[in-house]
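In what follows, chain A forms one complex with chain B and a second complex with chain C.
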Partner chain A sequence: MTDRLRTALIGGGVALVVVVLLFIFGLQRALIFGLVGGATYSLVALGLVLVYKSSGVFNFAQGEFGTVAVFALFLLTTNDVPYGLAIIGALVVAAVMGLLTERLVVRPLFDAPRVTLLVASAGVSLLAIGVEIWFGEAKLRNVDKALPRQGRFKIFNASISDQELLLIFTLIVLGVLLALFFNRTNLGLAILGASQEPVATELVGISVRRLSSFTWAIAALLGGLAGVLTIPIANSFGPGALTAGVLIPSFTAAVVGGMTSLPGAFLGGIIVGVVQSVAVTADFLEDVPGQSSLSVFVVLVIVLTIRPQGLLGKSA
Partner chain B sequence: MATEVTPEADETALVDTPDEHGHHAQPHTPSTAGWAGRGVVVLLISWLVLLFPLSRDVSDLRLYGLAVIYAIIGLSLNVLLGYTGQISLGHQAFVGIGAFASAYMVSVQGQPFFVAVLVSMVIGALQALVLGAISLRVRGLYFALITLSYGIMAEGTLFNIEKYTGGSAGQAAPLPEPFETPHKFYYLCLLFLAAVVWVDWRLMKTKGGRALLALRENPRVAATLGIDVKLYTLVAFVVSGVFAGLGGALFAHNSEIVVSNTYEFRLALVFVIMTTVGGLRSRTGVIVGSAFFALLGYLIEHEYTFPLVGWHLNIESLLAKLPGPDLTAELAPLVLGPLLLLITLIQYPGGIGQQLRPLTGWLRGNRFDIHDRGDKEVVVADVRA
Partner chain C sequence: MNRNARKWLVVTFAAVLVLAACGQKQGVSLSANGGGGDGSGFSDDGTGSDGTGSDGTGTDGTGTGGEGGNGEASSGTGGSTGGSNGTGGSTRTRTRTGTGGGTPIAGAPDRTGIDDVNKVIKIGVHAPVTGAAPIEQKTFDKGKDVYWQWLAKNGGLYGGYRVEIKFYDDKFEPVEARRRCAQLVEQDKVFLLIGAAGADQITACANYANSKNVPYLSAGVNTEGLDGLRTYFAVSETYAEQMPKLAQMVKAKIGVKKLGLAVLDSKSFADARAAARKAFTAAGFQIVADKNVGKETNPQSGKSIAGDLQDAGAEIVLALVSPTIFLYIANGAQSEAYFPEYVGPGVTNGLNTVATAGCPAIGKAKFFSPFPQLDAIDSMDPAYRPAYNEFITNKDGSQRPDDIGIALWGLNKSLHQMFKAIPDVKQLSRQSFISTLTSGKTFSTGVYPSVTFSPTDHFGADTVHLLEADCQAAPAQFKTRATFAKSF
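Take a look at the complex of A and B:
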């Protein structure tokens, strides 16, 4: 425990220093943008960690659960379905996609090596993008916000919209709920047990297969939520919207957090978001092309070199 | 020679066990007619690969050249995914950097083509070495993540350094001197492919290659037997990087120009699909699969005519009969590719290579056995991550 306390103190200290430095260099606006952008990564990373925790799979389809949900939201809202119902419909579509992925792809490969599942999940993602382009063409569409009000208030000259507040609020609630779920409920403990000892879990009478369906449905729901909450902020989306720009920073966020830690995913998302936002706005990086993907890569390299088990993960 | 009892040059399974039918327990000797039949098939394949392209025009030849280059890249990925069970999702960066390096050496530095190819290969090796050294510190599939992130970074940053890449205008990469037509360059690519196949085959016969096979079967047991798993995996990364660099250099000169948006993330996924669908650890399968995906769009929009019966066949017009919007030759690979990948992974993990096994076994002098699936069940990788 003292070890954990020390880590927390060092982490807090570093965070404080970073914040102070950002203020000194006049980058406080980037800090706020980073926190908001990081919320998206955290939300996607939660789903990634959930699947990794329960089955050890890097799930490359996580982003597409979100994009498919956004397409459903778009179709429903343009057909005059009330927004609340449309969101529920979109989430149901995402969950169904998660269940189908589990039933048709993950379950037949239950005993296959993890790399096979990784490739298979990338295949699911690609197939989804292919079908999106097939039926929806490679063009951008606009989707309405749940809460349209812009600029509710301003911090350091960065205006925050209602939709962004909704995203952050949802993220915090989900984080707490998931932490409680894994630590306090039988179902949560069963999922953890199944990931560590599937055979023993079966022996005490828990259906590992049913747990697997459940986990994928929840993960897809999280992905769908990430889609319907964050895509309206940017306003426009195309096929593969969440896979193209969000999936890699989210994976980096999950790795920064330790791949198995839910609070870690939360923290990792914020760190990646802030680093990316600073890299894009900072003057001294102005001449470097592609700062945002470069900064994400640098974060990943630093974490894997210095602390491969992540900030809050168990030693690998 | 006398001590060698296993069939040589086995392509699918490198460790040979007698199969359950017992057909191969005693080597089968085909009759004269049998040999003649096999000779005809070999001649047909040679005609298709060597003579048929001579009659086609320049734009077709570039496409055939690309198919050969894809085969080299597929073999490069096969070393990683097939032999070590690690996956690179950033192979477009390895290939693209090889392409830019070669174009830069030839166009800006004025070096001869073969020096440029060598430089591309060395750069490919260095990238794999560094990325491997970082990601192998952690158990698991972190190589997938770091190569993915590296690929995206390369697209945004490395490919846009004007000084080396010529920015968005791209860099010229002329066809090299003695091979200055697409026809001649196609044969050069074939030569390089043959060299890659030979190196791959020889490497898998060395101590290191056998160690790689052992660690694919079970890394823990391999480690217990004193095999340095990380070292051999790293060596495999480097070999893969060298092949990818070579593929990139040829890619550049085949299209005579290098533009950064050719080497998009989507290309990396095409590489993964073609290698897996081709059949991991089967050189024949990977080559056929890679060429198939390089030519997929072309095969779909091509108008086939059967002169004797006067039939016409166009796959694109068949696809247009499907419900929903038209699945054009441009779109179809985006939907069919992932579908084939999933079907391969779930139903036929041996890929095309395994399906071709009765034919390749027969060509090698065995009896034709439609149930021949190679000597061993082939799965994507037996490495438990």
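Take a look at the complex of A and C:
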């Protein structure tokens, strides 16, 4: 039995035990809520992992790619642009923001220590929030759902809306596509190569800087998708919406799953979502202050203690 | 993952933990000041004795808690106990531990913030323009000066003194609020401070103001952490004080049904939670859920909280959370086809921005408020709308009279009443201001509840306004259903 198979079996067994325990304690509804909520974290975590895989940067601007996209969606829909076109417009805005971030912030700091880029990405996030407040006021706004129907069906007494189904479907498709992209395409392999051996990559004629632009645009697109798919579920949003509510759980998801693994980002998001949901629902955690964050932190510590590279991450 | 990657992982998580720790709202230091003794005395030294008030024995509508004792001291220790709750009454059931004690403001009259040459009185205000209880900065900036502009045109203050307001965004963070208040006091040299909203921020700032002997006014939020401060004054009822009325209101307007509590996980709200449990249980409600709602709640966990309330069978949800979190819960509930009646005390949950963003999920949410809504202000204070139109709308056609303007108008009007109680500006100082407030005078504005403070009671209001969401209106908004209500 290979190590990989053994790990998968152990992971699957642990997950099964957790699910059974949740059913025994009557927390199956929290499980469904967590799976749906975790899909949001997974989507944001995918973008985080993508940037990390390609450039080794922890991108604190990932949340703002999503929030800016939602602002664009709001502006377009309130100006009577058809919803489908508005979504495309919002994603274009996100991608342009990603390209601008790469061109104006990342590229000038390309050879700087990675921690400098980390701080710079946080700066981009703060700047974006400032601009959102400047233009849009710090007030709450409504944004329509792509698919408005609520309660399409129920699983264990938890309603699933069409928008949530769309989110989950998009996440699965993106997960598969990105995994194929990085494993089966020359461009994907070039990005991986550039992240591990930039000098060697340049020597074989691949422009690392151009790859960087491409990666940031795709990451921003993923952030934009996270925004336009998940924020309408919550109905209202304000400046910094994704950064304030989703970025930190998504970072946790990426680390739990493994910063180098796209399937890991998917898995990590689901784990963080379920843990949060169970923590705010379980009676035995009722009186624990900050039970949601605390539970996620405990899971993170356990995972990093057992597998420092994350559940599906690879150690060098 | 190589060593470098692990190193950056550690760095990132350190950063993440620091950010997460921000959510714990550090900086909310609950005061350990001795309560009970009267802190308004100006004697040289001494020891404040314990308050010795007895239990109140209120009857309907007139219950009063026992008063804390008077221990006049300047450098001694304040008394520790005051009278306990009034019982049986429908109002005034606050825990009236005496306030102050310890070290009242001594020495020469402190006239910081009063410029007699240019005839300016400087006031500092902090509010959450960004964060979990966003107040629109544009409307706040516009609205904060309207009352003083109107007053200048109608007789002015002290024969021509102008009130200058310095405002900072506290970002809904206690640490930031405290920093901003320090800036207002030490750098901007304001005469007094006003906290517009946010219990933790108000608590943090009020404690700072108390340490600097600076008067501090806010709408009523919590008692814990504020009770015992010499310089703090609540111009409306605290959340805890509102609970008996809230129980009456729910019983009268909705009926006795199963109740779920969704209360922000903060020490500041412990008194309100306890008061809610007591008041609603006494009124015959069955509390089927009591959720500690974390400050880190996002749309995902908001839905889980709503699901939990639904599972518990809560037909009424008492929401004592920030507007953003309230909307997360209400929208999460809506997605589960769960439509409880939302009720609550509060300052900001009855703002129209909540109805605009929350309808139809919030249904006919009913919240208490220290100020009325736009539908009632004209009859309560006919000067507000014309003044707003004259000084704001005529210069900025996009800016209409709004509820934040009403809140600021009322607050400034309260302040004007307090200034007026000191007839000569030469007598105005931080000490005389506090002495005047605690003199037993009643300050009425027709907008905010009338307040009467005493040396032992800095929580001086006993009425509320009731606001109800109207999701059928275009745009969705809150309507005023009762004004200056003492009982329901």
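Please note the rule applied: the second predicted complex is superposed on the first by the 314 of 316 C-alpha atoms of A that agree within 3 Å, B and C clash if a C-alpha of one lies under 4 Å from a C-alpha of the other, contacts with A are read in each partner's own complex, and residues count from 1 in each chain.
As a convention for this text, contacts are C-beta pairs under 8 Å (C-beta built on N, C-alpha and C of every residue); 3 or more make two chains touch, one makes a residue touch a chain.
Nothing here was measured: the structure is a model prediction, and the numbers come from that model.
With chain A as the common reference, the superposed partners chain B and chain C clash. Once the two complexes are laid over each other on the shared chain, residue contacts for A:Gly12 go to neither chain B nor chain C. In the superposition on chain A, A:Ser159 contacts chain C only, with no contact to chain B. When the two complexes are overlaid on their common chain A, residue A:Lys139 makes contact with chain C while staying clear of chain B.
Once the two complexes are overlaid on the shared chain, A:Val105 sits against chain B while remaining clear of chain C. By the document's definition of touching, neither partner reaches A:Pro148: not chain B, not chain C. Of the two partner chains, chain C is the only one touched by A:Ser277; chain B is not. When the shared chain is aligned, chain B and chain C each come close enough to touch A:Val115. Contacts of A:Pro82 after superposition: neither chain B nor chain C is touched. Taking chain A as the reference, the larger set of touched residues comes from C, when chain B and chain C are compared.
Applying the stated contact rule after C-alpha superposition, one finds that A:Ser293 touches each of chain B and chain C.
In this superposition on chain A, the options for chain C are 131-139, 167-175 or 239-247, and chain B clashes with just 167-175.
Once the two complexes are overlaid on chain A, the chain A residues touched by chain B in the first and by chain C in the second are 56, 58, 114-115, 118, 122, 129, 133, 137, 244, 248, 251-252, 255, 289-293, 297, 308-309, 316. Those residues of chain A whose C-beta lies close enough to touch chain B in the complex are 56, 58, 104-105, 108-109, 112-116, 118-120, 122-124, 126-127, 129-131, 133-135, 137, 244, 248, 251-252, 255, 288-294, 296-297, 300-301, 304-305, 308-309, 316.
The part of chain B that touches chain A in the complex is made up of residues 81, 85-87, 89, 134-135, 137-142, 144-146, 148-150, 152-153, 155-157, 160-161, 265, 269, 272-273, 276, 324-325, 327, 331, 334-335, 337-339, 341-342, 345-346, 349, 379-385.
Across the complex, chain A is touched by residues 1-6, 8-9, 11-13, 15-16, 19-20, 23-24, 129-130, 134-138, 265, 290-292, 294-305, 307-308, 311, 323-324, 327-328, 331-332, 334-337, 353-354, 356-358, 361 of chain C. Remark: chain A residues 29-30, 33-34, 36-38, 40-41, 56, 58, 114-115, 118, 122, 129, 133, 137-142, 150-151, 157-159, 161, 164, 230-231, 233-236, 238-240, 244-246, 248-249, 251-252, 255, 258-260, 273, 276-277, 280-281, 286-287, 289-293, 297, 308-310, 313-316 touch chain C in the complex.
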